[in-house]
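Note that chain A is present in both complexes that follow, paired respectively with chain B and with chain C.
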Partner chain A sequence: MFRLATAIGVVVVLAALPLYLESFWLQTALFAMAAMVAAIGLSLLVGIAGQLSLAHAFFVAIGAYGYSYLAERIAPLLALVAAVLLAGLAGALFSPISGRVRGIYLGLASLGLVFLGQHILQNATGITGGYSGIAVPPFSLFGFSFSSTSPDSLVILGVPFGALERLWYLGVVLVAVAIWYGRNLVRSRPGRALATLRDSEVAAEVMGVDVVRYKAAAFCVSSMYAGLGGVLMALAFGRIVPESFGLLLSIDFLVMIVIGGAGSVGGAAAGALFVTALPLVLNHYSGSLPLLAEPGTGGVGAAEFSRFVYGAAIVAVLLFARDGLAGLARRIRKEKIA
Partner chain B sequence: MNQFVTLVVGGLFLGSIYSLVALGFVTVFKATQVINFAQGSVLLLGAYVIARAHDSIGFWPAVVLGVLAAAVAAVLIDAVFIRRVRDADLGTLAILTLGIDILLLTELTRRIGTDVLNIGAPWGSDVVEALGIRIPASRVIAGGVAMVLVAGFWAAFKFTDWGIAMRSAAEDGETASLMGIRLNRVAAAAWALAGALAAIGGLFLTSFPAAGVTGGVGLVALAAIPAVVLGGFDSPAGAVVGGLIIGVVSVLTAGYQQELSFLGRGLGGVAPYVVMLLVLLVRPSGLFGTREITRV
Partner chain C sequence: MRLIASVAVVLALAVAACGKGGAEEETGGGSETAIKTGPGATADTITLGYLPDLSGVFAPNGKSQMEGANLYWDAKNKAGGICGRQIEVKVQDTGYDPQKAVTAYRQLSTDVIGLGLVLGSSIVSALLPSVEQDGMFLNFAGWTSDILPAENVAIAGTTYDIEAINAVDFLMKEHGVKAGDTVGHLYFEGDYGENALKGSKFAADKHQLKIAEQKITPADQDMTGQVSALKKAGVKAILFSAAPPQAASLAGVAASQKLDVPIVANGPGWTPQLLTTPAADALIANYYVVSSMAPLTVQSEGVQKFLSEYETAHPDGTPSSNGSLYAYAGAQIADAALTKACENKDLTRKGVLDALHSLNALDTGGTVAGPLDFTDPSKPPGSQVYIAKVSKEAPGGLEAIGEPANATDAEGYSF
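Here is the complex of A and B:
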């Protein structure tokens, strides 16, 4: 009963928020939601299967560019599905390496994909637009467009509903689906098989788990999550350029799940919110924060300050709370019960 | 043909710099099982100190100071952060060094800003010419220094007490520690060595033909990672060979850019990673790495 009430409360709040939030916060939330979807995928790979990937940005880019390219030609919904499948296919193509190389070694090997991806994005100008990028066609569903047109000037309860307000709902639904699917996967038979594989490959093999196939499959699923996150990210950006999908984004994803607590679906979402929102919010308020210097004056500016907080958060979490935010939440809950 | 020879020789000299950085990477990994992503920012720190100090105290004292600073920074990273969580898994430790890297790199790039700091090397932009091949003097010196350092490293690893301690710590830490080998000391020595090697690599990576010390040099050091992976993680010889291969590949692809233009611009930067992926397809544990075999 209590859980049902909470669930209804959450849904009502999420549905009502676009009526109150300014566009800056909606934009920030959209980026965070895109990151959440992709981060959950990586969390499944790292936390459950014990495989590390620094190539996540590459698959996010495939989702983002795949959608932008295809949505010009086929219905946006089909383009979304195709982009996710495309990212999964790319993940499957990497399986000769992802199935045989383990843990951190895979992380370093997958570093190659990020650089390869950057090279392709910069040079395949026919599809990606090269350095200057391409515009992202708006998403639409049964004639309802997630942009400021068709229906034009939509107003709900006195609030004009433009692209950001409409995309908010798409984002919420996609994040909810991502969390729901992730949670189920962890508890399912393949999820348990992957957890065994993480703890001991020998034990998993003995129990009849096809180690190579499962490792490759985990990589594939996490790439599809990345692809979906990429589609949402592209929609939030409106225009995508190769620079947004480099090594820094890959590192961001790793940091999200470390801060959130690897293996926890909810933790990954919380970590994604923190990592994505931190620089945007600090930059937004840099004028009113007394300690921060103007850019170019040699002091610590908003951008540098957020990098410091970011780096310090990684170090602090790993030194003092190695299971991340999810672990902290678990401990607090236990104390309450005890 | 002449162009080919010039490029290969130039690549070998550039590769020798990568070898040094890669060797530091492998040393740390063997001694403490840490994949040290902070190597790039330690390298930048060394180069930064040299560039800032050479005006007031002269070039050679500045080099000593830079190498010392990088070595001390590396030891501090180990002693302050890594040692507290020594028992954590590889991934956790790697990400921890990533966090430290972000902190150090942010501070250094903030100080450097958009400037290009001159490293102040006495060989400047001299070019050496022999047998019809023209190579920048700094690269030739880098090759010589790398050869001496690698030989010294090999000898120390093979014949000194430190080398034996190091190898036994890598083989089986617990037993080594029971035999009276102080693991923390071995670790500190490995980190100091890695820091020093990184600083020397940084010195040559920022000499001519590179423009000087910029905030982006830390990223250049990333090219040592394919070298390490290529060579196989735990093999010092592999790191050296991997570094040379990466150097030759990137110089060759950059040199034949015109002929390879169908593969796109900026090929020299991405080629090392492509080679790494190709090698991993054939040999998942690298060229010289220990193959992981599980017996049940």
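Here is the complex of A and C:
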């Protein structure tokens, strides 16, 4: 009963938020949602299956560019599905490597993909547009476009619904699906098999888990998550450029799952929200912080200060919530019961 | 069940009670002036957005740019502002990160009439769809012709490709490069370098020169391999479209390998700090810069005014052509468009954009080479460049050679 009420409450609040949020907040939320979807994928791979990957930005880029390229040619819904499958395929192709090396070595091997990706994005100008990037066609479903056109001026309760407001709902649905699927996967038979694999490959093998196949599957699923996150990120951008998919993004994803608590689906989502939104929000309020120098007058400006706060916040989380935000939530819940 | 119902009712009431409201296009404005205003313009202020990089890789340049912009607008506001309105500058850092830039833009977009400065072409590319939709102008702190044609983007002067064509022209006239010779071109992967390469290839085609290409990335700091390759190719001169760290290495290594040829760089290839490196002597001997932005020795009214204002405001600072002077010139362009829009009694975003495109011979007092013509969005507004030589005595380290140049080759060039 109570759970149902909470669920309905959450749905109503999520549905009503675009009526209140300014475009800055919607834009921030969309980037955060895209990061959430992709981070859940990485959490499954690193936290559950125990395979360190620094290539996540590469798979996100495949999703983003795949969608943008295909949606010009086929229906956007098909393009979305195809982009996700394409990212999954790329993950599967990498599996011969991920099956052979593990731990930090796998991390280094996967790092190569990010640089390969950057090279392709910069030079395959026919598909990627090179350094100037490509425009992202708006997503549409049954004639309803998630942009500011068709229907042209959609006004709900006195609020004009442009691209950001409409994309919000798409993002919420995709994040919900990603969390639901991720949770089920972790609790299911394959999820337990992957966890065994992480703890001991020999034990897993003895238990009858096909190690090679499961390792490949983990990479594949994780890449598909990355691809879906990439599609959402592309839609949030409107135009994508290679700079957005560099090594920094891969590292950001690792920070997200570490902060969230590796292996936890909800934790990954929370970590993604934290890492994506914090710098943007700090930047937003930095203007109203006291004692900071105006840009161009020397001294510590708001931009530097928000970097310091961001760094300090990460250190604080790692110090006081060593098992991540997910672990912190678990402890609070236990204390309440006790 | 009651809980659900009450939650629903409370939320429904809340939804009905407020909301963020619709688009606020105020067409009324002050009735006594009867000037149409839109977002970013009120009866007493005009707000401009600035999106420099203050915390990323170009942070030093971003700070320098904000110095220049503040210098101009402070003086303008003291003199009464534009249209009887004070200019307010809203700054948001992009950190040279497209994602940060897009959110920073969202934050500014409802309050500003236009963007006084945006650094980085990848950032401009990412912002362009929204900027076009909002119909505001954007001062692009970059000089690539790939961005053309763009209704909303204003470039200060001419583009890297035209600079490179002028560089080849300069080499042929002043340094005895002739048909059949090989000229090296060391350039960055990406918009800046590849745009310049397009220009040098065009000029080389015209004069039967061979171009020995050396493509590098910003991570390459040691030019030994490139210099050896260029020496082997027998180059008579080197065109340079990369950044100052590479310039120091290139000039230094070339001197030590006895490759004594002129090096001609695009504007971003210079910073006054290069004169404090061990490569300073090599740079003084062989390094030239071709740019739309004035070297600070130019004795024109605009540049000297900038210089004296800068020295008063920042006695210990180092003025730079690409940083503070660029932002100063960008502010001049924005000022001219806003003033014109005021004359047309239309301070809406569209009014300002129309006013910008009606400027056909904007004189910046020499901060940007030549008169600027913004009427054709498919062409850069300028066609002239300054050519400068490195000098220890000159402010900003560059001494202009002659008047702004305009290579005849550039006329047949298509963007």
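What we mean here is this: the second predicted complex is superposed on the first by the 308 of 338 C-alpha atoms of A that agree within 3 Å, B and C clash if a C-alpha of one lies under 4 Å from a C-alpha of the other, contacts with A are read in each partner's own complex, and residues count from 1 in each chain.
By our rule, a residue touches a chain if its C-beta (ideal position, glycine included) is under 8 Å from a C-beta of that chain, and two chains touch if they have at least 3 such contacts.
The structure displayed is predicted, hence computed values, not measured ones.
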{"item": "Touching partner for A:Phe144 - first (chain B), second (chain C), both, neither", "value": "neither"}
{"item": "Which superposed partner A:Tyr285 touches (first chain B, second chain C, both, neither)", "value": "neither"}
{"item": "First, second, both or neither for A:Tyr310, with chain B first and chain C second", "value": "first"}
{"item": "Touched partner set for A:Pro160, first chain B, second chain C, both or neither", "value": "second"}
{"item": "First (chain B), second (chain C), both or neither touched by A:Gln122", "value": "both"}
{"item": "Which of chain B and chain C A:Ala109 touches, first, second, both or neither", "value": "first"}
{"item": "Which superposed partner A:Trp180 touches (first chain B, second chain C, both, neither)", "value": "neither"}
{"item": "Chain B and chain C footprints on chain A, overlapping residues", "value": "122, 298, 304, 307"}
{"item": "Contacting residues of chain A [partner chain C, same complex]", "value": "1-2, 4-5, 8-9, 12-13, 16, 19-24, 26-28, 31, 122, 131-133, 135, 148, 155, 157-160, 164, 236-244, 248, 279-280, 283-284, 286, 294-298, 301-304, 306-307"}
{"item": "Sites on chain A touched by chain B in the complex", "value": "46, 52, 96-97, 100-105, 107-109, 111-113, 115-116, 118-120, 122-124, 201-202, 205-206, 247, 251, 254-255, 258, 262, 298, 300, 304, 307-308, 310-315, 318-319, 322"}
{"item": "Touch list for chain C against partner chain A, complex", "value": "1, 3-4, 7-8, 11, 14-16, 18-23, 50, 52, 54-55, 59, 62-63, 65-70, 91-93, 95-100, 102-104, 106-107, 109-110, 121-122, 125-126, 128-130, 133, 146-147, 189-191, 194"}
{"item": "Contacting residues of chain B [partner chain A, same complex]", "value": "35, 81, 84-85, 88-92, 94-96, 98-103, 106-107, 110, 113, 222, 225-226, 228-229, 233, 263-267, 269-270, 273-274, 276-277, 280-281, 284-285, 292, 294, 296"}
